[in-house]
Amino acid sequence: MGATKPAPPEQAPLKPLKDVRNAYHAAMTGLGAFPFDSHGAPWKGEYIFVSGDLVLDFLYNFFLEVGARLAKMRVYEMTDNPVAREMIGYLLVRGGVHALAYGKALETLTGVEVWRMLPIPNVPNSMFPEAAKYEKMGIHRTLYRFSPSDFKDIENIWRGTHPDDGQPLQVYEGPPSGGEYHELPDVPEEFAPGLSADDFRKIAKRLEIEL
Amino acid sequence: MGATKPAPPEQAPLKPLKDVRNAYHAAMTGLGAFPFDSHGAPWKGEYIFVSGDLVLDFLYNFFLEVGARLAKMRVYEMTDNPVAREMIGYLLVRGGVHALAYGKALETLTGVEVWRMLPIPNVPNSMFPEAAKYEKMGIHRTLYRFSPSDFKDIENIWRGTHPDDGQPLQVYEGPPSGGEYHELPDVPEEFAPGLSADDFRKIAKRLEIEL
Amino acid sequence: MGATKPAPPEQAPLKPLKDVRNAYHAAMTGLGAFPFDSHGAPWKGEYIFVSGDLVLDFLYNFFLEVGARLAKMRVYEMTDNPVAREMIGYLLVRGGVHALAYGKALETLTGVEVWRMLPIPNVPNSMFPEAAKYEKMGIHRTLYRFSPSDFKDIENIWRGTHPDDGQPLQVYEGPPSGGEYHELPDVPEEFAPGLSADDFRKIAKRLEIEL
Amino acid sequence: MGATKPAPPEQAPLKPLKDVRNAYHAAMTGLGAFPFDSHGAPWKGEYIFVSGDLVLDFLYNFFLEVGARLAKMRVYEMTDNPVAREMIGYLLVRGGVHALAYGKALETLTGVEVWRMLPIPNVPNSMFPEAAKYEKMGIHRTLYRFSPSDFKDIENIWRGTHPDDGQPLQVYEGPPSGGEYHELPDVPEEFAPGLSADDFRKIAKRLEIEL
Amino acid sequence: MGATKPAPPEQAPLKPLKDVRNAYHAAMTGLGAFPFDSHGAPWKGEYIFVSGDLVLDFLYNFFLEVGARLAKMRVYEMTDNPVAREMIGYLLVRGGVHALAYGKALETLTGVEVWRMLPIPNVPNSMFPEAAKYEKMGIHRTLYRFSPSDFKDIENIWRGTHPDDGQPLQVYEGPPSGGEYHELPDVPEEFAPGLSADDFRKIAKRLEIEL
Amino acid sequence: MGATKPAPPEQAPLKPLKDVRNAYHAAMTGLGAFPFDSHGAPWKGEYIFVSGDLVLDFLYNFFLEVGARLAKMRVYEMTDNPVAREMIGYLLVRGGVHALAYGKALETLTGVEVWRMLPIPNVPNSMFPEAAKYEKMGIHRTLYRFSPSDFKDIENIWRGTHPDDGQPLQVYEGPPSGGEYHELPDVPEEFAPGLSADDFRKIAKRLEIEL
């Protein structure tokens, strides 16, 4: 997390994390993350909504996307950390895609143009500089077809133009290109992963691997 | 509530309630009810949704009403108890009013005729005989103005006709007439309220009331 | 809440709320309040106590009032915010009324002068300047009769003198006069209520209201 | 506990426990018991009340004892199982001792004869045949001094006569004699303790014990 | 799931589910399943264990697999439903693979042959007829390599022979062949998916699809 | 605990505790401690693990001890408070005894030298100066026999040498000598115990004790 660096225990290398609101990730993981909220409250299975009624399920997801959007907008306003803002900017754009997609799907099922209620709240994503950047790349108009054998008819729902800029909605074959995959480094002050160079030599010997 | 009757303890007058799914109301109240669900899980303050954004709040309530409708429909199908069915029938009708009202309010705020998605699920309340009875009384088209000094302009939202039968929506001045108010009887097998005739005489004496 | 003021998102107008112990009200409401405690733990239905036995229920409420009093006294000592102290001072006085009333009611039911245990803890409200102010106004001796058609015989319980100052207990017809009612202002940095001047013009048009 | 008996898995020896309300003890323990209530809800640390104020702490415990008494009385009425009734009868008597002791201690601290409110609810323990049996043995008037070096002055509080029968309260040196201690038997259908005769031979060999 | 069949609401088609221990799936889903346990308690994010220390994480998973095994064995014994038993039989075999794999991995990391503690509890899977069937197919000795580009060196860990039968452990390229994929049927008595034939015609028209 | 000192309420003597992460102990106790974690989450009965299978129970406890060790190591690194470090140093040493004891017991039951996996994480306790101090005293090699009539054969398990230093394991008759027992002082700013000198005089009079 950049907040700590390796040091002997008596130098208290984890001290910067003692007074943060959620200290679980420092005490319970190797600076990883649990599916906990900012107060350390865990995700719970009862947050799932799957009623069995298709219109209701889509309505719930439409609501969920716009509700999450409001929380993201507020969290953005709580921080000037550039990494946090970059992430939130991207999520605002992709969450906007999801909201629009559920709105379009609801129109398909019911004939009501639910998506015309967007954006909720009634300010555009472009108000957030990091989101505006991704919108210029067209990412707000793009739905990714992750599985070539499923979602074959997604164009029947994701079609027409984006209500914000009137540009055409588009389906992209395959997943987004994404960023690079980072191997998480050792975090010795967290005793993670807890294996020394000597350990590795012993393990290689057990595995009959030549180093 | 009718399942038990007074008897000395060694006759186990509460035995009919030993194996019910939710036994808290028998053990913890005098056959009253806690704000618990059918499994004994309590209502929690985190169930409140009040985002501060008016459209989002109305959207949530619209969703909530139709989600609750589905659960009511299923609970109706789990029982043939006539009192339970009567209550659910009435609630289906009144819940339908609430859903329509939030849908109308959303139209006012956004211009989108959200209420045209109703009913969700796509079967009419009249499918349930007890609900049909209340619809014949026009209760599905009636919004009650509980407070004469508030909600003055409610007719601006609750207007036009009901989508189910094309009959006019109407605002009723004051609360519904309601049923009679029942004094809950003593439940001696629950030791509720725990006061004997002798207690009452003593209390009256302390209060200097003549019996 | 006075802690934030409107500004464009990139100025992080909600930053003052990032590190408070309970950030839910900033992220999830428009600076309103959930029924959560200072740690964000919600109120739960299982906090209700209604045993069905009248003496036990009153005993619980007597305990609850004095337990809450201790917490209020400690919270008072955690802050020098004058608004917080004013509110706590008033609550100490009114909570004292409630404790005394339950104590008097227990005497009525059982003949035991439970209220003679007060105050618990054994320091007077007058130790808190803001509470002393309200006691001088006689508010610690006043029970309000909110409903003219109920609580007709409340004088039979709320009578005699206050144990602190020997002044007569009194029943006031109607609710306390109270303060002014404040319309909550817009909180644009929370996107609440999320309606612009332009929105209002559109809504008025839909409602056929002339602005 | 008597509800099951050993049998090969395909004879479903635990079937009698499939539909009980709380099946955790069958699935998660070897027919032991978790500190869970009848619905499987666990005990939680937040149930502790220790305010730091002595009068308030005693008041809470006085309330707790009488609240628990009511629940015990109701649970008694839910069952005609003789073992359950025997246990509840004994607990009613001992819980009555605890309530009286807290009431006496409150009198010591405050001068108010709180114990005169007992019994709550206002029916005597002797209404329950199994409790009446233990009262005849004087157990309702006996406080045990478990530690010879502590509680030296307990007679200063536990003195006078019992309000129910006017017989003298007494302090007993040492713990109650109690019943026999039972070694819990193997429960093979629960795979508990999961050690076979062959396992024991191997273990003895490792421990260098001769069988 | 076979327990109900379509019928008009007044015939109470969901009645068979009214008194089951966990009724959430009937009321809240379309006879699907939530990630809830048999008592309706949800899965929680705090059940995750990822300490950052590799040995500790593997030790936890080794423990988890054998702990889950005991619960499965007991649940098997609670039911004679052939579908439940078939599923549990399969899971016992695959869970056994996972336990052995974590044990082997721990040996690699630490040199201690942790897997020699298996089976825990000390009875073989073959005690369960349905599990014995899968063991005869060699499934207890097979690890599947789901991703051709990852887990390349898994043979370094999953090697040698199975402690139960001395037969060689083997890595299978690709996922198991699996069963057929079933489209879940409509469940009209649950109003799932809530779309009528007429709905489908309307939807097709909106999608410009010819039926 | 040293963070506050007595003062009149309007000097806000508890202010130093207003912004700590867990403020429950200040508001709800007299600066005592609840069985809550650093975030105020309570201990819950579902944390108990007692499966009925002896090997599994010991395996769980072995895991628990080493998992707790990692958390302790990290908490040590979060603070430079000498009292906290002293306590953690001691707990690391005693926790190490427990882990080794469960590992030895597992060897007894299964023949697998589970304890050879220690220490987990793979750094010695001596890395922590306060722990090193206690190890020099031999405390890491000592098991206390608290009960002279139980645990008679504990030497059969706790024998051989400590894997860290090759010194002999030893059983000590009786509990450790321990530190002095401190009477907790009054904490007037918490109104604990809430008894004044005048109260004591009154109580003594009620108890017929001469002061």
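A, B, C, D, E and F are the chain letters, set down in written order, and residue numbers restart from 1 in every chain.
As a convention for this text, contacts are C-beta pairs under 8 Å (C-beta built on N, C-alpha and C of every residue); 3 or more make two chains touch, one makes a residue touch a chain.
This structure is a prediction, so every number in the text was calculated from the model and none was measured.
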Quickly list, by label, the chains bordering both chain C and chain D.
B, F
Would the interface of chain D with chain F count as same or different, where same needs over half of all numbers used to appear in both copies?
same
In terms of residue-numbered contact pairs, which of C-F, C-D or A-E coincides with A-C for over half of them?
C-F
Using the average of all C-alpha atoms in each chain as its centre, how far is it in Å between chain B and chain F?
50
Using CA atom averages as chain centres, what separation in Å is found between chain B and chain C?
27
Could you state the distance in Å from the CA-based centre of chain B to that of chain D?
40
Pull out every residue in chain C that's touching 2 or more other chains.
21, 28, 39, 51-53, 55-56, 70, 111, 120-122, 190-191, 194-195, 199
What's the complete list of touching chain pairs for this entry?
A-B, A-C, A-E, A-F, B-C, B-D, B-E, C-D, C-F, D-E, D-F, E-F
Which of the residues in chain F end up touching chain E in this complex?
49, 51-53, 55-56, 59-60, 62-63, 66-67, 70, 106, 110-114, 116-117, 120-122
Using the touch rule from the top, collect the residues of chain D that touch chain E in their complex.
8-10, 12-15, 17-19, 21-24, 26-28, 39-40, 189-191, 194-196, 199
Note which residues of chain B are touching chain E in the complex, please.
21, 38-39, 41, 70-71, 73-80, 85, 120-123, 127-129
Partner chain A, residues of chain E touching it in the complex
28-32, 34-36, 42-46, 48, 50-56, 107-109, 111, 153, 156-157, 187, 190-195, 199, 202-203, 206-209
